[in-house]
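Per-chain numbering from 1; labels A, B, C and D assigned in written order.
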Amino acid sequence: MFIIHGSSRENGNTEQLTKMITEGISVSEVQLRTKNIRPINDQRHAELGFQPVDDDYEQISKEMLEHNTIIFSTPLYWYGMSGLMKNFIDRWSQSLRDKELNFAEKMKTKKMYVVIVGGDNPSLKALPLILQFKHIFEFVGASFEGYIIGKANSPGDIRLDSNTIQQANALNLKLKNEN
Amino acid sequence: MFIIHGSSRENGNTEQLTKMITEGISVSEVQLRTKNIRPINDQRHAELGFQPVDDDYEQISKEMLEHNTIIFSTPLYWYGMSGLMKNFIDRWSQSLRDKELNFAEKMKTKKMYVVIVGGDNPSLKALPLILQFKHIFEFVGASFEGYIIGKANSPGDIRLDSNTIQQANALNLKLKNEN
Amino acid sequence: MFIIHGSSRENGNTEQLTKMITEGISVSEVQLRTKNIRPINDQRHAELGFQPVDDDYEQISKEMLEHNTIIFSTPLYWYGMSGLMKNFIDRWSQSLRDKELNFAEKMKTKKMYVVIVGGDNPSLKALPLILQFKHIFEFVGASFEGYIIGKANSPGDIRLDSNTIQQANALNLKLKNEN
Amino acid sequence: MFIIHGSSRENGNTEQLTKMITEGISVSEVQLRTKNIRPINDQRHAELGFQPVDDDYEQISKEMLEHNTIIFSTPLYWYGMSGLMKNFIDRWSQSLRDKELNFAEKMKTKKMYVVIVGGDNPSLKALPLILQFKHIFEFVGASFEGYIIGKANSPGDIRLDSNTIQQANALNLKLKNEN
């Protein structure tokens, strides 16, 4: 299982929630805030195509491809995923053109989960983001297995969102059984 | 009028469409791909609050605040705005805490437009992004005046999307009259 | 607490789920399929305004207004609420013009819940319906307190959706405490 | 071309807009308000399956199946299609089980258009309905060719929505050429 953390804050509410979901499960994970990931430079139509970029994207994406289950864990920033995570996903356009990667082939088999924590009525206002992830996963042919939307404002508040914690525990059980 | 270009490609379809919309109108604009904008570092809950960041964000955001009408022009990357643009908007959280900026006060009065060009059925698959912008503009109290969603794949294809061009021309007339 | 059942089937999955949510709570309820509710005849602009309709709508809507908490319980028919329920809500336009009812005034104070059961990936494909209810409740100024989306195809299948049942039980506890 | 009118008002704004779209084109059409269409009685799981219903549904649906292009024309009632139209679509579940109809087979080839007129910010608040139609058409395998969302409150106001009228005229040209 591979976790992509999109939060800019260490051990924030979203990370805490994701930890509950993956407790007792062996995971690989990346905190995007600790990495250097350049925005996509759309060279799909450039004569020479995409040029290599000297940053951490390629290594992270390759690690991602090795796992069957991927968790996208992001706070709800301005009613979307964080820019950190969006830049990571934008770069998939480059990976899709990399003939050696077999990116498209490998993504098709993956099981995707989304974990979001927001402060402003997220059970309603995160729904456009869920719909966006639906399109993303459909495009690469991956299976959107589930999502959890938590509510928290101040640090640690996610522990007060009992309904979400219950869902996290249930998902934890499910993932343990699958693993 | 201020235009925020989120595309990574110079003079791409989205920019061409936005040019049609603003033809003959005096505009200020920024190409985010030519600027250095760091992802947000969420220090809302840090003891010292947000710390200054040495990049181009502050200058751009201040310029944005001087205009009454703002156009968000972005290609549809993975069914959302580009990471370049998302990082710019994520940083508004910092501006909201800057007491000297009067960010919240000034944003309330603004008229917002969104211009999107996508290749994969954008008239349906860009709708989650429109809903996200709706939430963004509601949060800052700005008025969501309108949006145009164009369809294009290869460079220059937007000129074949006659329905969208017609809408662009109509919006151009409206904006000229308002200006 | 008032429950509006929109299903056409007696004791179907949606009703079973709603029963779990309200177990041990004294409720008033209406099965719309057993009632005669005419589609709205939009006479907002007619000279004489809305004319009385000889059906069950008025009695049901008056009963609804007497309760603080309302549960909209509907199967996901064609990715929306049932036509039975939609006709009921469409008629609110008439109630809003009835000066003696104080419909608008009374709806503002209500707490709304939505219960949906669908067979085709409802956790994603019922989201447009959730967004529609959001607009409906915002229009009347009521509070959208929560929703539960269950998955079931054959009769009784809802009992296999353990994640949803867990949420139903949690909501049951919450409602009991509030009552 | 077949037009399904869901409005409860004769010659209302939605009908006027749809007339502009189909001017000069030979169409068959049905005003659902003049027909008797019962809500679905979900007998998918009943021993004997769906029983015949004595109303106008079957005749209308058969007429619909004879056309390649179908326009769903509905005012935005409570942020959804009218209950009149929803009851018509709900009944498709019955048609899908009717072995002689070949409903599924025939629907797959159809080109669908949606015309909506609303009064309360429809360009944003009708989007959940567009997403619902997307799911509906995907389910039957039909092609969602396009939609137009107009804004009008009082009778005749649609004629003031110049942007929408322009789109209507453009669609009219396109449909004329296809026909």
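By our rule, a contact is a pair of C-beta atoms (placed from the backbone, for glycine too) under 8 Å apart; a residue touches a chain by one contact, two chains touch by 3 or more.
Quick caveat, the model's predicted, so the values are computed rather than measured.
Think of each touching pair as a link: the shortest run of links from chain B to chain C has 2 of them. Ranked by distance of CA centroids from chain C, the top chain is B. Among the pairs A-B and A-C, the greater number of C-beta contacts is found at A-B. Chain A and chain B have Cα centroids lying 24 Å from one another. Chain A and chain C have CA centres that are 34 Å apart. Across the assembly, chain C contributes residues 127, 131 that each touch 2 or more other chains. The touch graph of the protein chains shown is a ring with every node of degree two. Counting only pairs that meet the touch rule, the chains in contact are A-B, A-C, B-D, C-D.
Those residues of chain C that touch chain A in the shared complex are 123-124, 127, 130-131, 134, 144, 146-147, 162-163, 166-167, 170-171.
Residues 7-9, 12, 33, 39-42, 45, 75, 77-84, 86-90, 92-93, 120, 125, 127-129, 131-132, 135-136, 139, 154-155 of chain C are the ones touching chain D in the complex.
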